[in-house]
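Structures are listed in the sections that come next.
Each of the two complexes below includes chain A, the first together with chain B, the second together with chain C.
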Partner chain A sequence: MILDWLLDGMVALLILAAALWTLAAPTPFAAVIGFVGFGLLASLAWVRLAAVDVALTEAAVGAGATGVILLQSAVRLRRGAAEVAAATPGRATTLLAGLLAGGLGLGLALAVLALPATVPGPAAEAAARSAEVGLGNLVAAVLMAYRGLDTLLESIVLVFAVLAVWAMGPDRHWGGIPGPRFARQRDGPLALLARWLPPVGIVIGIHIAWVGADAPGGKFQGGTVLAAMWVLAWGAGLVRPPSVADRRVRLVLVAGPLGFLLAGLLGAVLDGSFLAWPAALGKPLLLLVEAAMTLSVAAALALLVVGPPERRA
Partner chain B sequence: MSGPVLYGLLGAALVALGLFGLVVQAAVLRKILAFNLLGGGVFLLFGVVARRTAPAGLAADPVPQAMVITGIVVAFAATALAVAMALRMYQITAAVTVSPPPDAQAGDA
Partner chain C sequence: MSAALQFLGLLLAAAGAFFFVAGSAGLIRFPDQLSRLHALTKADNLGLGLVALGLLPFAAGVFAALKLLVIWALVLLSGASAAQMVAERVRAAEPPA
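And then the complex of A and B:
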């Protein structure tokens, strides 16, 4: 009990310290490093809250993928210290913002303390649905069946985000190669890692996506690992991002959402409601959609990390 | 007080810190970081609620957990877009903040 308290207290303090550092760090680069630390520590908090699926997602997406994007931009947005100093609000605004934020935090803290010990939730209904679709991992069952619409829309959000990021490129580069170009690494730790890690990482990524049906894991966590392996090879100059006009890339990107949508429509025809997994086809169909989604999530995450087109194909 | 309550209070503190940073910090990249801290706080509050609606035999309610997973992925997509927009703005105007340039402010006055 005391050990639990010590552990929780330490994790909470470290998270708070990482968050403070993220806000107060002297350089943007140091702030981003603080944020990645914050994400990794937050995933520890999720483990302590018995939410292992969330912990995996937070570590992979919240800390890892977000961290890579932020680090890239911190390197590119290094200048402008004078402009930032000129635009930083004065003491009165800071005080007002402090009062506003402090008041909100206090209100939320009081709400947390006033929460009833246990209240009935929708979990029982979700558990019933999970038995129907044959998924042992309740979180996966919620993602695919009980709240399938959320997941479908989320996968479409990823596609739209890629489109929006691509649209940030200048007109003359449309249809070109996205992202910065990295020199091919022939020696050193990056060259070694980029050759040795992907074969292992790809197997692990697929494994995480596959066991997600019955254990912590799933398409988002597995897809992120797959994307990370490609990003590693890209960073070492071993692979080149495909042109944004490449039809194969676009097909991989939309395969998951499209498969999900078609399966949902099939449910509407066979079972009378959209996204009802038809009992006759149930699990095989679901696994097919999950596989397509894993590929699409991996492609979307990698393309979001790479960024808008920056040069001609 | 128990472990989940502690993390709930931490979530509340993170929301406050994130909101404060979002208002007070001028650089766009810092604002994006603060926004992500705010989001992390909201997710933690969700996690605490997930412990409270957990049915017998389960450690945590799977429904809020699934929604937090969705939230983390959407927050990542939003961050990627925000960063791409910040970089494009920097390319075009060489600005790293969203405040109007000093000469424009002088013109208004």
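And then the complex of A and C:
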């Protein structure tokens, strides 16, 4: 009991310290490193709360993928120091934003503390009936069946995010190759890592997506690992990003949301309501959609890291 | 037998924790980047290895135990590679006198 308190208290203090360090960091690069550390500590906190699915997502998407994207941004922003300085808010705005965020955080904390011990809601019934969906992992069952619309919209948001990044490129590069070009590493640590890690990482990524049905894991976490493997090979110059006009890229990007939508419409036709997961086809259809979503998440995250088109195809 | 193994496991995990503390102290105290990197990789490789070995007797089965070893191997590979990459950049920025 006391040990639990000690451990939780230490994790909470470390999270606060990492957050403060991230805010006070002298350079954007250091701030991003602080942010990644903060995300990993937050995932520890989620493990302590027995929310392993959330912990995996926080570590993979929150700390990992977001960290890499922010790191790319920090490096890109070095070229425009004057513009960054002009766009940086003044002390008063920063202080106001800090007060607002702090007040909101405090309010949320008070609201959570004021919650009754047992929260009325459909949670118990959902848990009792999750087996009907054919998913042993309650979180996956809720995400795919009860909150299917949220998950569908989340997957569509990823496509829009990629479109927004592509739209950042200048007109003359539209339809071109995205991202910087990396020299092919013939030897050295990066070449070694980029050859050794992807075979293992691809298996682990697919495994995480696959076990998500019955254990902590799922398409977002597994897709992030797959994306990371591609980004690693890209950084070592072993693969080149395809042009943003390539139909295959676009197809992989929308395969998940499209499959999700089609499955939802099938539910509307067979069972009378959108996203109903017709009982006869439930599990196989679900797995198909999950597989397509894993691919789309991987493609979207990889393309978000790569950035806008930078040269002609 | 299993109690003895678990006791051994606790000893190994404690030894691993010692390496993490020593590595962290080195990371804070050592004067130059390459020495700090050296301290950090000791904590990563040896510390995590000892903790993983120490947890083996507590693993729920053969596959869980294998998973622990795979995690160690992956951290070894990525940690060592990342450390080499950082060291390369340090060397490129300030060539040895």
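Remarks
The rule is short, and it goes like this: the second predicted complex is superposed on the first by the 276 of 313 C-alpha atoms of A that agree within 3 Å, B and C clash if a C-alpha of one lies under 4 Å from a C-alpha of the other, contacts with A are read in each partner's own complex, and residues count from 1 in each chain.
The criterion applied here is as follows: a residue touches a chain if its C-beta (ideal position, glycine included) is under 8 Å from a C-beta of that chain, and two chains touch if they have at least 3 such contacts.
Just so it is clear, the structure is predicted and the values come from calculations on it, not from any experiment.
In the superposed model, A:Thr88 makes contact with chain B only, not with chain C. When the two complexes are overlaid on their common chain A, residue A:Ala228 makes contact with neither chain B nor chain C.
Put chain B and chain C next to each other and count what each touches on chain A; the higher total goes to B. Applying the stated contact rule after C-alpha superposition, one finds that A:Ala263 touches neither chain B nor chain C. In the superposed pair of complexes, A:Gly9 makes contact with chain B only, with no contact to chain C. By the touch criterion defined above, A:Val200 lies against chain C but remains apart from chain B after alignment on the C-alpha atoms of chain A. Within the superposed three-chain model, A:Leu190 lies in touch with chain C and out of touch with chain B [touch as defined at top]. The residues of chain A shared by its contacts with chain B and with chain C come to none at all. Here chain B touches chain A in the complex through residues 3-21, 23-30, 32-34, 36-37, 40, 43-45, 47-55, 58-70, 72-81, 83-88, 90-91, 94-97, 99, 102, going by the rule given at the top. Here chain A touches chain C in the complex through residues 188-190, 192-193, 196-197, 200, going by the rule given at the top.
Interface residues of chain C, counted against chain A in their complex, comprise 74, 77-78, 80-82, 84-85, 88. Put simply, chain A touches chain B in their complex at residues 4-5, 8-9, 12, 15-16, 19-20, 22-23, 28, 31-32, 35, 38-39, 42, 45-46, 48-51, 53-54, 57-58, 61-62, 65-66, 69-70, 72-74, 76-77, 79-80, 83-89, 93-94, 97-98, 100-102, 104-106, 108-109, 111-113, 115-124, 126-127, 138-139, 141-143, 146-147, 150-151, 154, 157-158, 160-161, 164-165, 168-170, 218, 220, 297, 300-301, 304-305, 307-308.
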